[in-house]
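Listed next: structures, encoded as structure tokens.
You will see two complexes here that share chain A, one where it goes with chain B and one where it goes with chain C.
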Partner chain A sequence: MSLDFGLILKQMPDILSGLWVTLWMWIVATLLGAALGFLVAVGRRYGPAPLDWLLKLCVEMLRGTPFLVQLFLLYFGGPFIGLRLEPIPAGLLGLTVYAAAYFSEIFRAGFQAVPKGHVEAADMAGLSRAQILRRIILPEMTMLVLPQCVNMAIVLIKETAILSIITVPEMTMVIGAIGSQQYAFVDAMFLLAIIYWVLVEICGFLGRLAEARLSKFRFAAS
Partner chain B sequence: MNSTAPSPVRAGDPASQTADAVPAVDVKGVTKRFGATEVLQGIDLSVPAGATTCLIGPSGSGKSTLLRCIAFLEEATTGTIAIHGDPLGFAEGPDGKRTRLSPQAIRTVRSRIGMVFQQFNLWPHMTALGNVCEALVTVRKMKRKDAEERGMAQLTRVGLANRAAHYPSELSGGQQQRVAIARALALDPEILLFDEPTASLDPELTGEVLNVMRDLASSGMTLLVVTHEIGFAATVGQRIAFLDHGRLLLNGSPREVFGEPRHPRLAQFLETYLDRGAATLL
Partner chain C sequence: MSWRLFDLMLWAAGYTVLLSGISIAIGLTLGLLVCAAKLSTSRLLSAPATVFISFFRGVPLLVQLLLIYNLLPQIGIMVPSVVAAILGLSLCTAAYQAENLRGGFNSVPKGLLEAADMVGLSPWQQLTRIRAPIAFRLTLPALVNEAILILKASSLISVVGVIELTRMAQNLAASTYKPLLFYSVAGGLYLVICWTLAGGGALAERLTRTHRA
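Now for the complex of A and B:
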């Protein structure tokens, strides 16, 4: 077979609008997910034990079930508990919560990876607990978790494709629909694959750039 | 303690203590238990002000734990520690019962102690100067400019003024440890604790750190040094405390402790030390 993107690319405005939805939902869900995940990690580390258990249960459920199933439950099951959401808000909420579960685990590991001695040195210098968290633990953790965060962002950009099944007008849904109309479904999927790959490569490149900038802060061998 | 030991000095022997009225650090009856293991089995030690005291002993003898108790990084299971007469962490009532002091009181007494760690523990996201100035700005509320002036003075003191803008990962181990010393000095502590400051350094980098410590010792600061550098202890230390199995076996001047006749346990320790030294020459 020969691939022909001509028919599909004729509908450029639709494709661009799908790309836009994919991009903004991805960026917002990643940022909100990271922020929420951070709060969860802080709550689990510094909060009372029951809060830790409760949050752990939520994280385990979210990590233990497919995103597709979570999304179905939110979108089709939500109305049964009075949660009636349009596709875009439902997709954004689902993706954010899903991201938060993974980000919380990344941050939890990051907290544990900050050397105890660095905290003791700050303690000896007279820094309060809040100052130690803000001035020592957070910056050190950021450098430690950056690669995993970039990795998570890459996973999330691909998960946005799943939002198409609850009719979020993102790139997979738009290009898939065009492909069906034009009897060029495989061509459409091939084009989609290329676009996702390019987005992932750009994301990875930005991540490496950030890592390079932080590399001089890396842990000194001792 | 072995009562037939030929050593002329005994731990806790009043004659071996200096006549200084208030010791810089006064450790009384300190024990420390980790689970079932009793790491410190009742330590009494008074560290004179304005002198260098070296804590030596085999690995696992409890010397680092004792130092960490004095820094209040570990809490002694029983016993009390006073810094220039002020109780640290716990105060002993007239009935002999220990009560925990307020966090504020603990912080105040603790601010008079500086600590240098075996692993340096510099903060990797700050430059050398940033490390030295951090607490001056966040804790002592100094203006950034004044803090940096003071920080530079301390970096100059340890011979690293030209490395102020470098990050820890850009410095050698010896330089990192000297920055760590400058960081402790910047807070103007009355007592500086060293926890095996050269143990993670290559032999050739050990000298530069020991030289800085020698300068500090001759400036009349109170230093308490846990070290395996017996040569340093013998030449710079004015007091030597020898720990073994969580007990303070000897405490006196280098001449008293290292001179003949030697306590058999110390003789044994020094022998293994020489063995190891000799082994590296072969």
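Now for the complex of A and C:
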């Protein structure tokens, strides 16, 4: 067999619109997920014990089930409890909540990795809890959590492909549809794989670049 | 939900565990080979291993599955969809496990190897008695983690028509018009399996910790 991308590339406007949906949903879900995950991690660390348990249960449930099942529950089960969402909002909500669970664990580990002595010293120096979080813990944990955050972003761009199953018009769905129409499904999937591969490699490269730039935050203990 | 339907879900959960287990085992074997190639000093071996690892870790599993499932018949290989699904899962996990194993082999303390060299162990003895046991112990947590990831990722083979847990839930949800119930039950079963795996992994780690590097 020989690959022929010509037939597929003729539909460039469609491919670009799919790429655009993939990219914006990925970026928005990653940023919102990281923000929500950070709030969860802060809630678990500084909140009352019952809040910690409740959040832990939610996080473990999200981390212990496939993203596809979560999406199905949200998209097909949602309407039965009055949550009727279109594919794109449902996908965005699902991906964000899923991301938040993993990000919260990354940040939780980051909090724990900051040496206790630094926090105690800041406490003794009279810094408030918010100041300690902002001036001591956050800068020190940045270097620790950055590689894992980049890793999670890469996981998430791959998870966006699953959104095609609930008919979000992202890249996998668009290119798959073109492939079916042109009777060139395998060629289409090869092209799709290469596009994802390039995106993931770019993301990894940017992550390593950011790590090198931020290495001044690395502290002796790490 | 009647017990008969719950039995179907349980059966499908068992099938999911079976398929994931087979894929993990094949993936571990293949991952070892890829890891060996990647650690080789010959670029003829290490370059293809690098591309293999990068590709299968850089492409969504869903796309890999769709590609393999549709590619096989086109190049004249007629196999049931479950074989294509296992092949896809195995290739994907092999790439991740090769990286995990590489990390394990690279973290074997250099001093131990020097000591083994000094007492006259051959390179093969060093590999089988020192490097491999220590590397495996160091890789064990990552292996358990990978097993959990593959178990969850196996839900994606529902799209190529294999009736595992997710597909069973989909079918029953459609025929009974109770998606909330069946997807919750499916989620619950995945949770039970994942937590069991995580618990078993923690136990195995404790048991193998007796003589650690």
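Heads up, the rule we're going with is that the second predicted complex is superposed on the first by the 220 of 222 C-alpha atoms of A that agree within 3 Å, B and C clash if a C-alpha of one lies under 4 Å from a C-alpha of the other, contacts with A are read in each partner's own complex, and residues count from 1 in each chain.
Please note the rule applied: a residue touches a chain if its C-beta (ideal position, glycine included) is under 8 Å from a C-beta of that chain, and two chains touch if they have at least 3 such contacts.
In this text, all values refer to a predicted model and were calculated from it rather than measured experimentally.
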In the superposed arrangement, does A:L31 touch chain B (first), chain C (second), both or neither?
-> neither
Item to check | Which superposed partner A:P139 touches (first chain B, second chain C, both, neither) | outcome: first
In this superposition, the partner of chain A with more touched residues, chain B or chain C, is C
- Mind working out whether A:H118 is in touch with chain B, chain C, both or neither, as first, second, both or neither? first
- Task: Go through the superposed model and pick first if A:L73 touches only chain B, second if only chain C, both, or neither.
- Result: second
_Looking at A:I165, would you say it contacts chain B, chain C, both, or neither? Reply first, second, both or neither._
second
*Is A:G126 contacted by the first partner chain B, the second partner chain C, both or neither?*
first
| A:L192 contacts which: chain B (first), chain C (second), both, neither? | second
Chain A residues where the chain B and chain C footprints coincide none
Chain C partner, complex, touching residues on chain A are 1, 60-61, 63-70, 72-73, 76-77, 80-81, 158-162, 164-165, 172, 176, 185-186, 189-190, 192-193, 196-197, 200-201
In the complex, the residues of chain B that touch chain A are 71, 73, 107, 110-111, 113-115, 117, 119-125, 134-135, 138-140, 167-171, 173, 176, 180, 183-184, 187, 200
Seen from chain C, its contact residues with chain A in the complex are 54-55, 57-64, 66-67, 70-71, 74-75, 148, 152-156, 158-159, 166, 169-170, 173, 179-180, 183-184, 186-187, 190-191, 194-195
Within the complex, chain B is touched by chain A residues 115, 117-118, 120-128, 131, 135-136, 139-140, 143, 216-222
